[in-house]
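Going by the order they are written in, the chains are A, B, C and D; count residues from 1 in each one.
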Amino acid sequence: MVVILKNHADQERVENLTKWLQDQNLRINEVKGEYQTIIGLIGDTSRIDIDLIQSLDIVEDVKRISEPYKCANRNFHPDDTVIDVSGNKIGGGNFQYFAGPCSVESREQIIEIAKSVKASGANILRGGAFKPRTSPYAFQGLRAEGLELLLEAKKETGMPIITEIMDASHISLFEDVDIIQVGARNMQNFELLKELGHVDKPIFLKRGLANTLEELLMSAEYIMAGGNENVILCERGIRTFETATRNTLDLSAVPLLKEKSHLPVVVDPSHASGIARLVEPMAYAAAACGADGLMIEVHNNPSKALCDGPQALTPDQFAKVVKGVENIRKHIQ
Amino acid sequence: MVVILKNHADQERVENLTKWLQDQNLRINEVKGEYQTIIGLIGDTSRIDIDLIQSLDIVEDVKRISEPYKCANRNFHPDDTVIDVSGNKIGGGNFQYFAGPCSVESREQIIEIAKSVKASGANILRGGAFKPRTSPYAFQGLRAEGLELLLEAKKETGMPIITEIMDASHISLFEDVDIIQVGARNMQNFELLKELGHVDKPIFLKRGLANTLEELLMSAEYIMAGGNENVILCERGIRTFETATRNTLDLSAVPLLKEKSHLPVVVDPSHASGIARLVEPMAYAAAACGADGLMIEVHNNPSKALCDGPQALTPDQFAKVVKGVENIRKHIQ
Amino acid sequence: MVVILKNHADQERVENLTKWLQDQNLRINEVKGEYQTIIGLIGDTSRIDIDLIQSLDIVEDVKRISEPYKCANRNFHPDDTVIDVSGNKIGGGNFQYFAGPCSVESREQIIEIAKSVKASGANILRGGAFKPRTSPYAFQGLRAEGLELLLEAKKETGMPIITEIMDASHISLFEDVDIIQVGARNMQNFELLKELGHVDKPIFLKRGLANTLEELLMSAEYIMAGGNENVILCERGIRTFETATRNTLDLSAVPLLKEKSHLPVVVDPSHASGIARLVEPMAYAAAACGADGLMIEVHNNPSKALCDGPQALTPDQFAKVVKGVENIRKHIQ
Amino acid sequence: MVVILKNHADQERVENLTKWLQDQNLRINEVKGEYQTIIGLIGDTSRIDIDLIQSLDIVEDVKRISEPYKCANRNFHPDDTVIDVSGNKIGGGNFQYFAGPCSVESREQIIEIAKSVKASGANILRGGAFKPRTSPYAFQGLRAEGLELLLEAKKETGMPIITEIMDASHISLFEDVDIIQVGARNMQNFELLKELGHVDKPIFLKRGLANTLEELLMSAEYIMAGGNENVILCERGIRTFETATRNTLDLSAVPLLKEKSHLPVVVDPSHASGIARLVEPMAYAAAACGADGLMIEVHNNPSKALCDGPQALTPDQFAKVVKGVENIRKHIQ
């Protein structure tokens, strides 16, 4: 961390600051320039509150040089984290398909889709029970009943299940769920993240629509700081000025996140664009740049899905994507 | 709503669609063009799920023509909503100052600031007890204890208080709080919004960092649809590519929100830029373009604030802003 | 195009408007609703000025339904455009590598790089002579002298060359250049685009940093409307709030542009992120989602490049990328 | 400038770098940390190419601490620049209205509007002769003929005129124009900026749709470095994800630009939102936060303007805005 002092900063106050910093176990190096004095802080600055220092009236600016996250940081944990879900490994060169409908609609629907995506190569069944919808008038999911139906599909097919949580008070309902998903709109629901830090299940953390990669890693850090180190990161598109797609899928996030962190990185091409015919090419692109898995919406009858239908594939289209991805994966290793 | 059909769409399926739409109490008007057929829907389309229609394979595109919100819509409620908080009116030509520290830190601090902002013209005391922080290692607020201290300041000064809620499970702690604030990161925490729809207190709803005005109004609609019609909208800056300010304050939001909705609109110039010396000019600008109030961070010792210090004013600076704003308000009415 | 009239619009003025629209060879279909009247326009609306209609005080809103570009539109030109540059085909299933240094620096440098990228599989040599730089104090390129050196490299190696133009007055200098590049900052330099419409050479048009895909296609339309139909589109990253990369590479643009237009689409992964170690994964991703080519910065000594060095590959790294891309291409066809 | 070296950087190469930096008249201060070595550069770093240093393989990162612009920098030129256009002063506490139609359409039109805006308090007549339009099929302005008509309006009314240039080759046509405008899409047309550095007229430089304030100041620096110090900066809205307005007017830019630079700052509320009824509130806001002037579109018949009509005011509306702004200005001084 580098602290740039104001011109003519009061010397006594500067000494108070440097003393306080030394008390935080930091070594101090002061560089006096013509216009500015710079203080270099050497040591572990990840627990220093940058805003606190910036607020001092003797300080012009503060620049972080090392990352403010520790548990999620590859520098302190060079090996890939590998998460095992009932024998299905995620990360460390293992690749997984999370597939299923946007919303659980009925027993028949979820079991039929589970069987068909399993047959095509998916290992983990996704399905929304609690649905975050922009409009209070739109379908909000079957909620607790949807969770029950997912568990039936799990029994029927043996597939582990992943589904989204929307409120910390629902955690007890997720006891038999295999992976808990945090949606983009809750990426900075810090109370929820803290609670998930005490849960003994992998957390699938989606990047918020306007969140930087550093913020995504800080949200992972919230969960990991609580003791739960099994976090899967998910890129699902960010908000930009472009209107041809619902969001802009930021695939550079894949190699960058894998460089900065040891956590697995999964891509969701269905939600990113909101256009079913872009799922195939973007799934190939995600695999080609090193993703550890794909989350793909599959529906037995996409034209009748109760929500997010335009982005769902049919089981046949999904099977084609899996084959294409496997071909690409052979050739990038 | 206008539905654009695909070229050569199957006629039977088109008839099924139009029949279904008629069952939703909509009148249908079909326009056949050279390349496209357009179906105009006439009637109340606010409860039609646009995604559902878009997902049909006979549909090329759907365009909304009227707004998808009802309770928050000025078309259906032409008069300004005026919210009364212990005699302090917000909206309908009344202007209020919400002032206080970012975080409640101690009894002395909050009471001292409360007295000083009251003396300068603030009517409502703000102060953070539960603090949403990007880093798990940053100060998270005094939480329940902070609420207690705010209530003491309320008793001492008679000022109504506003403070932020971060989780639906905390609602019972907010019983004596006068206005409940929903922060930018929770603007689409739909479970929280639903619960606040059943609360008998005004809700202060901040615009999310990457949310459109329509989404802000849809989130207000969530609260209002639950029965709580006392919602105050707050513009506090959006995320853009500009890095000189923390966020970009979108002041056009003020006249636009007041045109689209009858709800009061307050501006928070402190959080928007994150720079204390921009608070004064942006507060003047907000008042000049028609805001119904200002939320301003004030600290008795800004250079020591535990969070968000760089954006806080001293009580003297705040007093100057109030005088300037009052001068401007006289001249725009 | 759909025109939504204001409530209670003056009937005589509405009739004037519909008469004028009919004079533009459009058929009119009026739909009267409870709150709004909608006029559907049927026929070729690509030459109708949407702003002109929107400006009428009887008009609430205008929504385009078909695209405002004709020459670049795949609807009117279903087959892929294939551009032949001295026997090197671009588009229609053909894939090309445009490689070379950011800036031409010397005769030795450009010839050495040309030879090495040719040996690795590049067919077209890129190199900047006129350099757009944010700072007036940064190296601006060798300009006319740089063009001369590129032409020498062309003679020496037989490779066609592509280089950037910054002003219409320089066109005569580009007589022996094979492909003229328009940079992101000039994508809407309309006077330049018009002049390039009269040039008998392919134009390589980079997407602007904040331009939509529709605007990119409209800029291609400027060139094509002037008679030059050989336009290559290039995605090179857009500006977002993310700061970990210089720009955000929008790969969804590749399948979308190829759906909307018949023109070839090339991706530039070097400029997008500004980070050399992201070039390889993003090049693979671009090939996997259907790009028609890659533009890659290669430098014989990346750590000494006079500009944009951090994003350049060494010749060896480039050779590895070509091999990887060819492997992926075999498996997506 | 602070250079962060890579871990285990080769010592000989580090010494070469520090020697080279010393040759650039910089003092060097090296700070060795546990994980990183930081080199502080003391002296004038504005002419150091940050990309060049960043490209070195021994360098992890480079962070600028002082601004890369000199001529436009208030630190080196503390007093406000005041530009005098035929006795109308801009900057330094003087406020000017630039008003007129988007496009010059006819002799009668431009003279009628000129007279009416002059009567309402405008001092400088604006009008577009060369029009940048997204579509090649949209009206492109009367071009040279439009300039003639503007000059006639100048003769008739005595008002100085401002109009937009789109290409360096047109400069000779602008001989009798009083202020030359550079549009948002040409803010980084560096060849044009260089030419305007040799012109003896004030340049009105609009911020690009996706350009930072630093980039705007760097473009001003291009003009000033050529010898022309009379630059007026203009905020006219930036591109964001919000779709309710055409662009997002960034009013924080006003106090920030005035802090960073001594150049006058004018706001264009007409183009920013593209909605006429937002011009009045946003003009008030701009005046309230310290702008040095307003550029406002006025049309004698807004509903018939050939371009950008929806954002134009009638002369009566403009007169009302001038009165309101003058009231506000009295109260912020």
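We take it that a residue touches a chain if its C-beta (ideal position, glycine included) is under 8 Å from a C-beta of that chain, and two chains touch if they have at least 3 such contacts.
Keep in mind that what you see is a predicted model, and the values were worked out from it rather than measured.
S.K.: Chains touching subunit B and subunit C alike, please list them.
M.R.: Touching subunit B as well as subunit C, we find A, D.
S.K.: Let me spell it out: compute each chain's centre from its C-alpha atoms, then which one is farthest from subunit A's centre?
M.R.: So the chain farthest away from subunit A turns out to be D.
S.K.: For the two copies subunit B and subunit A, is the contact made of the same residues on each side, with over half of the numbers shared, or of different residues?
M.R.: Same; most numbers are used by both subunit A and subunit B.
S.K.: Roughly how many whole angstrom separate the Cα centroids of subunit A and subunit D?
M.R.: The separation of the two C-alpha centroids amounts to 39 Å.
S.K.: Using Cα averages as centroids, what's the distance between subunit C and subunit D in whole Å?
M.R.: Roughly 26 Å separates the two chain centres.
S.K.: Would you kindly tell me how far, in whole Å, the mean C-alpha position of subunit D lies from that of subunit B?
M.R.: 32
S.K.: Going by the touch rule set out above, which residues of subunit B reach two or more other chains?
M.R.: Correct list: 210, 239-241, 243.
S.K.: Line, ring, star, complete or other: which one describes how these chains touch?
M.R.: complete
S.K.: Which bits of subunit D are touching subunit B when the two form their complex?
M.R.: 210, 212-214, 238, 240-245, 248-252, 254-256, 259, 272-273, 277-278, 281-282, 284-290, 324, 327-328, 330-332
S.K.: Please name which positions on subunit C make contact with subunit B in the complex.
M.R.: Those in contact with subunit B are residues 2, 4, 27, 29, 31, 33-36, 38, 40, 42-43, 61, 63, 65-66, 210, 239-241, 243.
S.K.: Could you please specify the touching residues of subunit C with respect to subunit D in the complex?
M.R.: 46-47, 49, 51-52, 54-58, 68-69, 130, 132-140, 166-169, 185-186, 188-192, 194, 208-210, 215, 218, 221-222, 225-226, 239, 302-310, 312
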